[in-house]
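First the structure, which I've put down as structure tokens, then a few questions once you've had a look.
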Amino acid sequence: MKLDWTRNETLVAVVILGFCVLAALSDPGFLSVATLTDLLRNGIVLGVFAVGVFVVLVSGGIDVSFTAVAAFTMYVTAMTLNALMPWMPWWGALAVGMAVGGLLGAINGVLIAGFGLPTLIVTLGTLSVFRGFMLTFIGQKQITTLPPGMREFGRMMLLRGENADGSFYSLHAAFVVTVLVVVLTWFILNRTMLGRAIYAIGGSVESARRIGINVRGVQFFVYVYVGVLAGLAGTIHASMARVANPFDLVGLELSVIAAVVLGGARLAGGYGTLTGTVLGVALIVLVRNSLIVLGIPSTFQSIAIGCLILIGTGLPAWQARRAAARAA
Amino acid sequence: MTAPLVTLDGVTKTYAGITALDGVGFSIAAGEAVCLAGENGSGKSTLIKILAGVERPDRGTIAFSGAVQGALTPRVSTDAGIKVIFQDFSLFPNLSVAENIAMTAEMGAGARLVRHGRIRDTARLTLDRIGVDIPLDAAVETLSVAHKQLVAIARALATDAKLIIMDEPTTTLTEREVRSLLAIIRLLKADGVAVLFVSHKLAEVLEVCEHVVVLRNGAKVAEGPADQFDAASLTLHMTGRAVGETPPAPLPPGAPVLLQVEALAKPGVFDDVTFALRAGEVLGVAGLLGSGRTALAKALFGLVAPEAGTIRLDGRPVPLGDPIAAAAAGIGYVPEDRLTEGLFLTQSIARNIAIGRLDAHARGGGVLDLSALWGETRDWLKRLAVKAPDPEAAVRSLSGGNQQRVVLARWMARGPRVLVLNGPSVGVDVGSKAEIHGIIADLAAQGLGVIVISDDLPELMATCHRILVMKGGRMVEDLPGGSVTTDGLAHRLAS
Amino acid sequence: MTDNSPLARLMTSPEGRLAVIAVAVFALMSVLSPDRFLSLQNMTSMAFQFPEFAILALAMTVTMLTGGIDLSVVGIANMTAIIAAMIMTRLTGAGDGTAVMLLALAASLALGMLAGLFNGLLVANLGLPPILATLGSGLIFTGIAIALTGGSAVMGLPPAMAWIGNSTILGIPTPLILFAVLAGALSLLLTRTAFGLKVQMYGANPLAARFAAIDITGMLIRVYVLSGALAAIAGMVVMSRANSAKADYGSSYLLLAVLIAVLGGVNPYGGYGRIIGVVLAVLAMQFLSSGLNMIGVSNFARELIWGALLIFVMIVNTWRPFARRT
């Protein structure tokens, strides 16, 4: 198969490969199951967030409130389950988290699809509202005793083992959830008319309206869906960390958007693939966790990610500009 | 005799006191092609919206196959088989050809899941029906304009179209593409599908039409079999009067050469363009779309970078591909698409003129001499007789003719040597058109060189000393004004 | 409906509505907590608090007028402050260090403009969408700040440095004076100079600006350089008030700056925005958060109320039943 260098996916995949080759050269221990499980573990929450952001970007919108939705959800879910439904099994806890997230997403949906307000401004506002509401009216203290369902989920491992040096490695079961989210989202986007309508709206809202797509309905779905995924990610995060800290997660939003954009999704909407998004997440996780292997101090992390964003989006922008100049 | 497919009777629509449509009535039979001609603002788009069910008429009735309809909605219209192909085609650039064609049909069938096989079959069948071959998996953004139009037609057919309304179907097509479009229209008609062409220039499609309806200022002013109309009579009906075809007074023989263009070339767009423009001369450039005339106009102003050739103004070379250098050298450009390229719609009338003179009125530290700037602006509003109650009002509140004068004033205030006017009277009413022609004559009288690019052949005849004919990116003829008639010119363009 | 009362006319512009909101909030807080809210002490402490993020909002406003955005302002503020702090801690000997401070401040301003130039080149010459260009460059600037300090605070600034953020001139807090001067200068720049009008016109229609032979590249570069300079000034105020510089100071200010600009009526898609609106938005928010503080509402409620206010104002500005048709 011929490599298509104009695609971000190719570019990101090559950078990942190059990174791994260099890392393996400078530290042969890099190529180990332990490194892999470690990276996969770090990609679980980021991956779920990224899939949600990707869907919004495809529809031509943007969401910066998802981290606040996640933090709000994990806190409220842990608190509610502790107080009212301690018997709830792990899957029930995840379901409650998704429901709470979906509800918050619906608020974004109403403001964006119903009132027709700009997506960046609305989600910027709800980011403050959700976070402020939680910290003011619900609580600011960490919940260190999670409900049994979340504790149970936090202990679930897909595999564990022992390294040659006697240290342990493990892969959390939540990784399966992330994989399922990717598969389900792929199915929605590529195999349902709803998904094609999301791409269509991202391509041209006006055309979508003219051929009779229910634009508001689709937008509403998108923001609820992001909310559900953010709620899920928040609940997973708390379960894995074994604590619900209301100050966690917020501040991560730009990194997630960066991962998705690196993967080839365009802010203008309509373009991008889940493959690209997954690769973008992989690259960000790699840089965040393994820069040190290349002999670069971890304090250079954000410089590296910043450069990747500029190169990853600058190259296509520059090519497009040159093509436009040639075409008159 | 069966009832016609669509019958309009006494359709009237007013917006905020302005009558957009006034008692318009005509009918379209199955398998018939009808031309609906009219200038911008004549009520064509309102009529399309009413037929599409987007707008409701205030009065009048619409009948489908003889049955008078109540309130039309987009749903009722599409179910009745009325499909509008808008000028921008309303396609999804990011989706494949097959999806674009079949999406509406699939949604209509209530599909929830993507059925790839059906989508491809539908696309294949409809494309076969109009006898064209476009790769089904190509993204629509990669297609040529003509192919996009065919995809839009195929999409309409895929949902069982009985009447296809085409808004300005030929404006962005080359001559060859128009021919193949006409062939497809004949196929559709033979299939029993009716077509309504809506445009301000329909001479190109007259040959496939049975019937012509002309609108002016919201009212039907002419109707009849297509063979009773030609380009000249259509223009006459649309504008309401014969535009004088007397060319301007000849140039004095000693007029110096102002602008010298030599061997200007941009591969694939235009090639070996050489001409001279003298002081006080109005030079017309005629050519169909795709002839390279708009690219040439933009190249003169630096918006398009030619790869070879020179432009000299007063003997001094003008840097290529740099609008700022072109403007500094004394070349001005009034764009074709006033609303997106010419005006800052939300900004004030005064600012829209002042934008060209900001640097001239900047004193130390870039601080503007505001009283001088606004004084000059008001002066230009007066000189060009812009009917603007308040220079601080947003420019979008003006009529088309006044808006065009604002753009002209912006450039005239800079005291240019050469003005390039692309479609100077597109979308302005008849009265303003004559006044804009008067402004062009005044500019030439002041010793400026003016280049007019226009589709409106009578306009070229009325304003230009000389007309250059462009075809396939080359200057093929150099006609002195008055040496040809409008029809003669039309033939030379199309042959 | 021809209601021509002064209030009704005031309510037709976004700035007018904001002025009403600001006055209403002030009045409400004065009534709820008369002796504390209206006290000189509270007024002074408010005047010390808001200039640092208000200056960042001014930077955001300039870029938003062109339809862009500058997500790197906080990164620039911290990077320039850290470098200024490092210069000062390395060079300060005896005395209050005024000379060293001036050198460091000049260096940080120059660096801020250089960072802005980098953004400008990315946006104007490379054609990157501003949101991505400044997201990337912001990470780089923050990254430089972290790499230089290892993430810890730079302390031990000369005593003179405290002056910018903590002193008063004729009883008026210096940061407030700085903000007032910057806002006034920016307002003049935007309404009275060729550059300012070009910025607004470009924001209204970039394509028409190109067809009107405006030097778009030069203008955009200057816009981002200006934004970088303002960010560096905000960084100095933060550094002076905290008496230290750190890579993660003011991390909540980024979204706050965007929020203030939009609340102030600046159109995030470009072409409209007035400095007076931004000033009123800052005041309304500061009155609200100080007042709420007085009556015992937690700090976090401010965030909630800011967000709610932003959404409320957006609904009022854009939703049909409210927006008057002209």
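Chains: A, B and C, in written order; residue numbering restarts at 1 for each.
Everything that follows uses one rule, which is that contacts are C-beta pairs under 8 Å (C-beta built on N, C-alpha and C of every residue); 3 or more make two chains touch, one makes a residue touch a chain.
Here the structure is a predicted model, which is why all the values come from computation and not from measurement.
Trainee: Suppose chain centres are the mean of their C-alpha atoms. Which chain sits farthest from chain C?
Mentor: Chain centre farthest from chain C's centre: B.
Trainee: Does A-C or A-B have the larger number of C-beta pairs in contact?
Mentor: A-C
Trainee: Can you give the whole-Å distance between the Cα centres of chain A and chain B?
Mentor: 46
Trainee: When the C-alpha atoms of chain A and chain C are each averaged to a single point, how far apart are the two points in Å?
Mentor: A distance of 30 Å separates the two centres.
Trainee: Going through chain A residue by residue, note those that touch at least 2 other chains and give them in order.
Mentor: In chain A, no residue touches at least two other chains, as defined above.
Trainee: What parts of chain B, by residue number, touch at least two of the other chains?
Mentor: Residue numbers touching two or more other chains: none in chain B.
Trainee: Inside the complex, what are the residues of chain A that reach chain C?
Mentor: Per the touch definition, chain A meets chain C at residues 64, 111, 115-118, 120-122, 124-133, 135-136, 140, 251, 254, 257-258, 261, 267, 297, 299-310, 313-314, 317-318, 320-321.
Trainee: List the residues on chain B that touch chain A in their complex, please.
Mentor: Interface residues on the chain B side: 74-75, 78, 84, 86, 90-95, 99, 103-104, 106-107, 111-114, 155, 266, 269, 295, 298, 304-305.
Trainee: Where on chain C does chain A make contact in their complex?
Mentor: Going by the criterion above, the answer is residues 71, 122, 126-129, 131-133, 135-144, 146-147, 150-151, 251, 255, 258-259, 262, 268-269, 297-298, 300-308, 310-311, 314-315, 318-319.
Trainee: Can you tell me which positions in chain C touch chain B when the two form their complex?
Mentor: Of all residues in chain C, those touching chain B are 188, 192-195, 197-198, 200-201, 204-205, 207-215, 271-272.
Trainee: Going by the contact rule at the top, pick out the chain A residues touching chain B in the complex.
Mentor: On the chain A side, the touching residues are 190-196, 199-200, 202-204, 206-208, 210-213, 270-271, 325, 328.
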